[in-house]
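Next up, some structures in structure tokens.
Two complexes are shown next, each including chain A; its partner changes from chain B in the first to chain C in the second.
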Partner chain A sequence: MSKLFNIKEDRSLFPEKNEQGKIDIDLSSHKYLKLWHGPQHPGITGNMSLEITLLGDEVMDCETHVGYLHRGFEKLMERRKYIQCFPIVCRVAVPEPDFNEYCFASAMEELAGIEIPESAKWLRTLVLEMARLASYLMWIGGQAGAFGQGIIGQWTNYLRDSMLDRFEELTGGRVYHMYIIPGGVRGLLPSGFKQRMEENLKFIEQMMKDVERVMFNNAVFKKRSVDMGIIEKDWIYKFGITGPNARAAGVPLDVRKDNPYLVYPQLDFEAVTATHSDIYNRADVRRRDLLMSVDLIRQIMAKMPQKGEIRAETPNVLHWKVPAGETYSKAECTRGEYGYYMVSDGSEYPRRINVRGPSYTHAVSLLEKMIINCNLADIAGLMVSLHTYPPEIER
Partner chain B sequence: MKEIIDRLQELYPIGDFKQQNKSLALITVDKDKAVDFITRLKNEEGFLHLSIITAVDWLEKNKFQLSYLINNPTTKNSFVVRVMIDRENAEMFSIHHLWEQAATYQRELKEMFGIDFPGSPGVDKPFILEGWHEIPPYRRDFDTKNYSEETYFPREGRTKNVPAEYMKQKLYPDE
Partner chain C sequence: MGKINDILSPFTAWKHLVNEPLTVKKPLEREGADRYRGFHKNEIDKCIGCGTCEDICQNAAIDLVPVEGIETKDGDSGLRPKIDYGRCCWCALCVDICTTNSLSMSNEFKWIDEDADNFLFIPGADDKPWNNSEKGWKKPDYNLYDPNRVDMQELHPEDRDKSFIEIVQGYSKEQALKEADRCVECGICTATCPAHMGIPEYIRAIRNDDLEEGLRILYDTNPLPEICGRICTHKCETVCSVGHTGDPLSIRWLKRYIADQNPSERFKEILGTDTIEQNGKKIAIIGSGPSGLSAAHYLALMGYSCTIFEKLPLAGGMMRYGIPEYRLPYDQIDKDINYILSLGVEIKYNVTIGKDNTLDQLHKDFDAVFTGTGLHLGRSTRIPGTEHKDVHFATDLLREISLGNEIPVAEKVVVIGGGNVAMDITRSMARLQNQKFGKVNVIATSLESEDIMPADREEIVEAREENAQIIPGWGPQSIEIKNDKITGLHVIKCLSVFDEEGRFNPKFDENIKDFFEAEMVIESIGQGMDLSYLTDEIKENLKMDNRGRIIVDNNFQSSLEWLFVGGDIIQGPDVIHGIANGHKAAIGIDNYINSKK
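Let's look at the complex of A and B:
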């Protein structure tokens, strides 16, 4: 029997499932081994834990456990004024905080009936694409590292660091930016920013060619990722799968195209898709999406207005009573649909904020299904290929 | 979006229609008809994607508002289907048979708000909290500040400020 993890694999040699779709596991038979995968590692694979039951090296049963990063963000926000929520929302997804800031700010603006200036829209789009690029660079190192290619992570984290330099220059912060604020953004591009950004982009493009050669053409990486962890097309809506995980299965879900926001309608791009939907395909979709971000940043910098207002007039943020109502603001982050459901009761404090992170569906119900029959050594690679951030699950 | 509601109005008592923006509409449906209505939207109107299920605690009205956000991937439109349920013995019908991820949302709502979804897989198992004995923490009457003061020891040398007053004093000392 092939050692490849493939959900279509013949299960006739494995134990029968009972009526609940589970296997009757008798640990005292010494046939099975109960093992905890995580929570020890600081990255994606260790922020949550998997309680797995093994038969030999293969996973027979799995239950996900989350809560190790729970800080009660949604509850904290109910006790803070809207402006005080900005240092909180960016911490929901550390590698790409800007999507949180954008969704929160745009939900507030929609409820308050505020239209942001044109320049602010371009700057917001620029920051969101920069965040996408930086986050993909970090992810690609994680995916390669999970399959034993530590050097790729060294390269791409260096590239990410060069993007953090641009973030620092533009916003003052490297990791958390709080650049997007209600009504617009905090500042204009610094002098010489475009030139330095172009140098970064050229270097990223050049290095990504090396990454493609060393990672995507590598026999070991291919052997371990092709035909592995396939997401069937009919699972997409059944499990609420979005973003590259859905696009790799040939379903072109991309909020930037489906419900265009900011200046995306003025940019020339297509949703990146694939057909085979295995780990290799998903990695390739993300690599091409990364290169598309490079192109989008170039388009934005070429087309954006050189000057203009960057912030609409808003009430005093310390006494701002957002009109009563509710809305859902969403954006396409690197993992799919990111959304903020905001309910205001007309007071100075949000009544309810609910964060919709793509990891919520990808890392719990979907992972628990996909991990069955997976080899123990491939679990980390599978988890990274779903690109999950546990803080989104337990906000 | 309005035409869908006009068409379904005869079959289901739909209230409080509001077109929030060009692709999002808010509606309220009775608890007893909600699952039937959502099933209809999914199976016959193309609302295949469930984005979120969440709750809002209206403590002063003694009600919970459940919000189901569903999206039509073809027309790109979304509905927030709101269902008001009693806060006492809060209970709602499960929709885990429609979407796999619904069971996770319902499990979290049981833990965080105390809203039960009988029949939903794993709904009684702890999701995020471990060994929790207080009232469900996302209810409005759960006092986070009081809980943390009773549970955790204050660190020596730390000063406390009321955030709103501190910011006001820093930013607008003359007001």
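Let's look at the complex of A and C:
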């Protein structure tokens, strides 16, 4: 375990493992400290809590606690008509509402046997890539901030805000877009959109060079992130790790490539990978993935049809009975595989919807494993490097 | 080298010292995008309060409430959406589904108020700064329900213009399901229908493919579904909220679909009317038209023994003797009537009250009397020439056709009138001319211009398809007669029919004249009632208005408490009012008899 972190303390202080492989921690020995990290903590993305046991600065034991953000979306959806679930799903994961909208809509369309118009496919892909870009821009500020670099977050949140301006123009909403409606999308590109988007993209590329210089070519950042929090390659399938967390370990898992959807087969891109699988590598994979999103948005805007139908004909949404059946619809979000498992009993209401968010594996079981022996000051950085959103753990 | 670079590289950030800081715009200074989903607006006069916005709102943020200055009327619930911004999530589905396109959103997103209750407001009714904002979310191009009606299969004009075969073929299951799917279940139709039929409910039964439940819903308020499913004046469709930005639902055809698909021999089983407990009371009903049949049906269900006295050889009244067979086949009338007869209702045919029996006698023999004798007398324009033998009333001719008697048919015919009866005789005459002469030469002319002609639009269109000429906007002046034969009708241009107060007061331009050649003229400008069966003694005690109509209360009870009156002589004229009257009168009769105990 010690190879995960550069800890060179006196090993004699470490408690021995008992027969069950757990560490015997005797709190009355006054050697240990129980500390609740979160749920209100800026280093925790969203509301979850880590119940950690410290020995000095080092984490001996950790138990994750979720439930602070439980809104019961999956259950709520069983009591709402399909169309009424549409405004809800985006709220499952705040920074990336569009993946929820897409997975929900595509699951419905698959069950109902609806083929969406070509324009809608391109617009959906565009919105998903915009969401990826905006989400990475927010993440990068968090990653830098967790290691004490406040300025990066200020820059990238400004950049994200410029993407939100484009979202506002296209979808009518900045944060919750409610754009990918079952059957298609809710609007064509407004006039002048491409030009304004190109200006945004250019500025993002320019600023990302600064981010690379200030954050990635930075001795402090490297000191705190290189060789830290390594995800072993053989954990990938054991834990169900997906997305950049897997790709940084050299496993090129990318739903866009592995199970192409929408117009991704028509776009030119490769899954971004790395080999060392530490915090630095994961950050770098995300940075390159971010730049790939910029490229993908350019490709989409160059190739997409200028006009056309945006929504397929569907039954009356007020009493849309989706044919009985079950399906799993998935997409590549910034954190990995995002999926909706939908079961219909043929009524106007979904029988069961299960949201598969990558944060469930990354922030609960994986984090509990990785955090052992981590330094207290590195917990936030480690957690952000797994890019977890507690809201999607608690649907 | 790399390490030195890693130390120096971050200092490149200092170049931004001379740049403007990167910071987001203050919300108070920026404007929402053109498509922004901001605060709601509502064109309150365009809105009909259908409540579809309330139905789709998953947050229950919308509530329909009464608004001062907005009256409840046909096609308008009088309610308007009130929005709770403590619940709203700004998804704009309410805007997307709005049936009238009245609801929209501005791009305004700033609203500062110290009282939280103020964030519950009625868009459009409350004065808000964004009410005149041009920007914001509008209803997009797509539809969340299908605005287009499923076309009804009809006989091609060439296949129908020589016979009286039914034109409308009815919906198949697939078509009915598709049409039923368009309903938004607002219930504006139910409020407007004189019989207050559970329209959204029976349309839902079609969607659920539960036609037996559909039939039960139909019979709750309407015992003549086959008939109404064909020739109802469908006031429900006129006000249908879906019709504001698309085609209204074809509610009438859907009703027919339910009635057609249920086998008549199973009606009693489905409706649970196999055994009805009799209460021993007897009710006399004069006339077997819609109101009489409806009253008989509901009274029979309550256990009364009903006897209908019918002047003509068959039951149905105007439905049989006024409406041509191509619109309403006789076997479909029989299907509805036979079910009512199966409940124990008795009809005495060829009995004229006032001649074969008297109202006084009925009063003695029965516990209560309902009369719905209808409007069977023709009305004349009284222009010069109407006394000629080749001038006829439409009602007389239509009755003769239904009785199977031969009627006079001329090569050139002019019909005066623009209502549905005028269209009925025009199209019947076109068929008879086709049969007799192999060609059609019939002109229907009305005072009203085409946009305000009282006839249903499809009647006008179909009449033209059958080569009849519809020439609206002319006032009849005189019938020209030469050598004791009619040669035609002189008309002058009619400029307007109603005055500013909406009263019938036609204005003509006598300088614009025309002449329609004809050998026969048919008048169809309305019908009158024949109340000759009321004896003088009864008339003395019966309250009537200055137009000779019997005054009745809400339960259609006249000033003689044993006498109930309904149908065309009270309201209408149409079938659905008759049905509604009959139903209410049945309840009134039941109350009256129970009060006597």
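In this text, the second predicted complex is superposed on the first by the 378 of 395 C-alpha atoms of A that agree within 3 Å, B and C clash if a C-alpha of one lies under 4 Å from a C-alpha of the other, contacts with A are read in each partner's own complex, and residues count from 1 in each chain.
Keep in mind that, in the parts below, a residue touches a chain if its C-beta (ideal position, glycine included) is under 8 Å from a C-beta of that chain, and two chains touch if they have at least 3 such contacts.
Since we're looking at a predicted model, the values are computed, not measured.
In the three-chain model built by superposing on chain A, chain B clashes with chain C. In the superposition on chain A, contact of A:F269 is made with neither chain B nor chain C. In the superposition on chain A, A:G325 makes contact with chain B only, while chain C stays out of contact range. With both structures placed on the common chain, the touch criterion links A:F193 to neither chain B nor chain C.
By the touch criterion stated above, A:R311 is placed in contact with chain C alone, chain B being left untouched.
By the touch criterion defined above, A:Q84 reaches both chain B and chain C. In the overlay built on the shared chain, the residue A:F239 is in contact with chain B alone; chain C does not reach it.
Within chain A, the residues touched by chain B in the first complex and by chain C in the second are 80, 84, 318. The part of chain A that touches chain C in the complex is made up of residues 80, 83-88, 151, 154-155, 157-159, 161, 165, 168-173, 176, 178, 183-184, 186-187, 190, 210, 213-215, 217-220, 222, 309-311, 313-319. Looking at the complex, you find that chain B touches chain A at residues 20-21, 23-24, 26, 48-52, 54-57, 67, 69, 73, 76, 78, 80, 99-101, 103-105, 127-130, 137-138, 140, 142, 144-145, 163-164, 167-168, 171-172. Chain C meets chain A in the complex at residues 3, 5-7, 9-10, 12-13, 16, 22-24, 32-37, 52, 55-59, 89-93, 96-97, 105, 137, 140-142, 144-146, 181-185, 204, 207.
By the touch rule above, chain A contacts chain B in their complex via residues 66-67, 70, 72, 74-76, 78-81, 84, 110, 237-240, 242, 253, 258-259, 318, 325-328, 330, 337, 339, 341, 343, 351-352, 354, 356, 360-361, 364-366, 369, 394.
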